[in-house]
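Which chain is which? They are A, B, C and D, in the order written, and residues in each are numbered from 1.
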């Protein structure tokens, strides 16, 4: 049922100066990495990817970058405070292949880390390119190190790992190693670049998209994309490259809360 | 062979189902998608003169038998919407749903997009509109008639008026709309409004606190509205409210609707709902020996 | 320890649940049974001056989230009903629901039974009553006020007015009722009316064709009515419409109801519903640290 | 769901000059003898006991005595005509014991024959007292003869079997044979007499009651009985003697469609 369930914040993890992870008790059923929750702070309600799924402890987590009014309000909450969660929503990542390259940029690491934890836990060889502006904005390094996934960091300012864009590192890596599949979430410009790269390498890939969301349940049409009309909240947010080819606004523009188009820089 | 085709105000539809206003429909892409998915016609999200962000979230929450919503008529404004309408693939008829605060706004909008669509649906019935739009108009027979009259004077394509059930007497409003020149009526917009309060916190969940009730829960009311209005007007009726399968469509046709619109149940059934319903209708009509949809319309009377 | 007791117009109730009018309640036996089953108070089936057979069957049919009914206020008339009221075991407060076509009928009935019950509920809101009774009155603020005023002049026990949601503006009617002297309001009677048409035959199933919609489907509307009216009147509100569990009761209390009535869900849950709800309320209030029901009333505002 | 299901009359059996049985295809699930259906002829809707249950052929039947407007309308229907049925409703007979006396009077034989068919089919020894005014009003003789149940007929005019009331025959039989239980459906005067008889013999017994019904689903209160308030359509129509003792209007009076009381002659 599409009704917020009130949960207490069980734990808050400071992931970086701008990102916090919030952990909740949650009756985990078939939550899948790549799916998202609608998060209600009794004032507004916005979509957040599931960044953590523990089916044994029955916990889930979301990781939020403080970039505006809503995310700031949530950053100001303490353990024990309440939020309303409904979900999971959307179509998550398909897990397939035995060697997967995952590429996450900025807060796009949220669904990526959930995917990587699950896939590497299944014995799949997972290489993670984690990209951020600077070293202390790299997310989830601890969690990755605790897992069997291999971490390749990448910062714009070279303070950690590869110096430059994640997409450059990805291109380099793809030319050196054979992967069965690529998984990506990050700023749309980055995803668009990676899309072109995987097309070149002819590797199957999945990308997680973001669009303005209101209902999250496939009714309001706010998140529909051109030209196919699909709803990011139901048919997405994860798409295969084949599907992305039909979403021709990908990398080009996005609509705001009134539906007015804005170019993606 | 059973024929699902119908004609509504001279507009040919390959089947009697439409996408209802405000369920997707803010973009050419989603309207074309609904057309490709089997809808016989599509209605746009309601739009007005200026871009409108609508209400903050939460704008929707599920309740027994449907949802309540206070999206608040968010839309990019007529000028942006025009660009969308230009991209309609014209595979099925398109109806533009428009709203405004008075007859001048309505006429203004309609004149800008008249040449891009097959008909206009006047939304004077949204139960959570701001600034004197929506049901603030549709609950007043005279205001409604004024708008219909003015719009009719200014456009050549058919003008459909969508009515609210949230009135003491919907038949009266329907008759005023007909007398003012409406070519057809759409019955009904969402009900109420309604409210859902969170148990843990005592806070009304919708940011706007109240929102229109839609979905299967309102079907009995919608059926009665269609039934009653059918007995009192001579213009065609488009039935809407809670349709989830072909049986629901039959109820509306029996009650007197010429065709139907489908909204909330897309949440349960996805875009396949149009094809599924049309297949169900075809099977039923075949079994019963009905040759065309028109044979069914109004048989409950 | 959590206290479920409340006081409504000076009437002490051991918990905030009542049997709603017209669900059982035509006999002392069934009213006493509801009391024994945990209801905090009981409301009788509505009765009028003369015995009334009501409509022919079918008088009820299930729909998504509830039923539609056109029982048609069947009752044995005030003289027979008086004999029932005399047999009430007085274990819980009893409220007599009465209907009539005008203020004289109402006063006449009420004066005959005033000494046998704890309060009167004026049913000016039945959506399928005959002969100018029911919502024909409750949709008109002046008629409603006339009746309330006349009845108030003639009786000493509290007079509760039960309103219909099937109006453009329920707040207006509520204010008229308050100004006319009503001691409390019951919100809401069944909605619509609605209709259900049989698919195979095209026949409206209810003999009266239309009937009031009740059950969980109408809860969001009922909550909104209580919420809105709470902000505009100072007399207590009794919430009713779609309550099935203690969470629904909480929503009504949060919205501003002092207590609630339960009807249709007895079909799903049986007479145990009262005890189940009261246990649920007690558990919830204990957990949350609420000492009394009054602390909860209206916290959604 | 309490919604009439439209069914075709598959077969009509003339049981007597005044009684016809109507057979329908029906997805038999847990229909129990003693339960009833609400029968809609598109004009009115009234309760009728299930008189026939075949879980193999997936058929049920009802048997109707032509006594008024509604029952006459149904008697005028032909095979292939339609009716709306909803149900089953109410609490049916409990089957217990290995030797049961069942007593049916007039159209009260409808639930009795369904019970007897089921119980004797289970290997229980069933003795049936079938009472009617005259021999050609005796119902279901063929069906009883085809079953393992033993038939004792009884007519007011002595044209078949015992001459006199079913209750007299029952008293005689009960004094001669030991039964584990008695089951009864018939006119209320007859049931009241039998109630007194089984009380005397201290034999557990179940009786199927009738009261005016509107909703059939436990809401309208039309069928509630004094002093317990129970609904015949939900808590009944079948009651044990213990329960009947609390229904003190039993054998005394009943309410009509407006709730006015009428004495039972």
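Keep in mind that, in the parts below, contacts are C-beta pairs under 8 Å (C-beta built on N, C-alpha and C of every residue); 3 or more make two chains touch, one makes a residue touch a chain.
These numbers come from a predicted model, not from an experiment.
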item	value
CA centroid of chain C to CA centroid of chain D, Å	36
Whole-Å separation of chain centres (CA-atom averages), chain B against chain D	51
Two or more partner chains touched - positions in chain C	196, 199, 203
Sites on chain D at which at least two other chains make contact	none
Pairwise touch network: line, ring, star, complete, or other	line
All chain pairs that touch each other	A-B, B-C, C-D
Chain C-facing residues of chain B, complex	63-65, 68, 139, 166-168, 191-197, 199, 202-204, 209-210, 213, 216-221, 223-224, 227, 242, 247, 250-251, 254-255, 284, 296, 299-300
In the complex, chain A residues that touch chain B	1-4, 6, 38, 40, 42-46, 82, 84, 214-222, 224-231, 234, 255-261
Footprint of chain D on chain C - complex, ascending	22-34, 45, 51-54, 56-62, 67, 69, 71, 74-77, 80, 196, 198-201, 203, 205, 207, 263-264, 266-267, 270
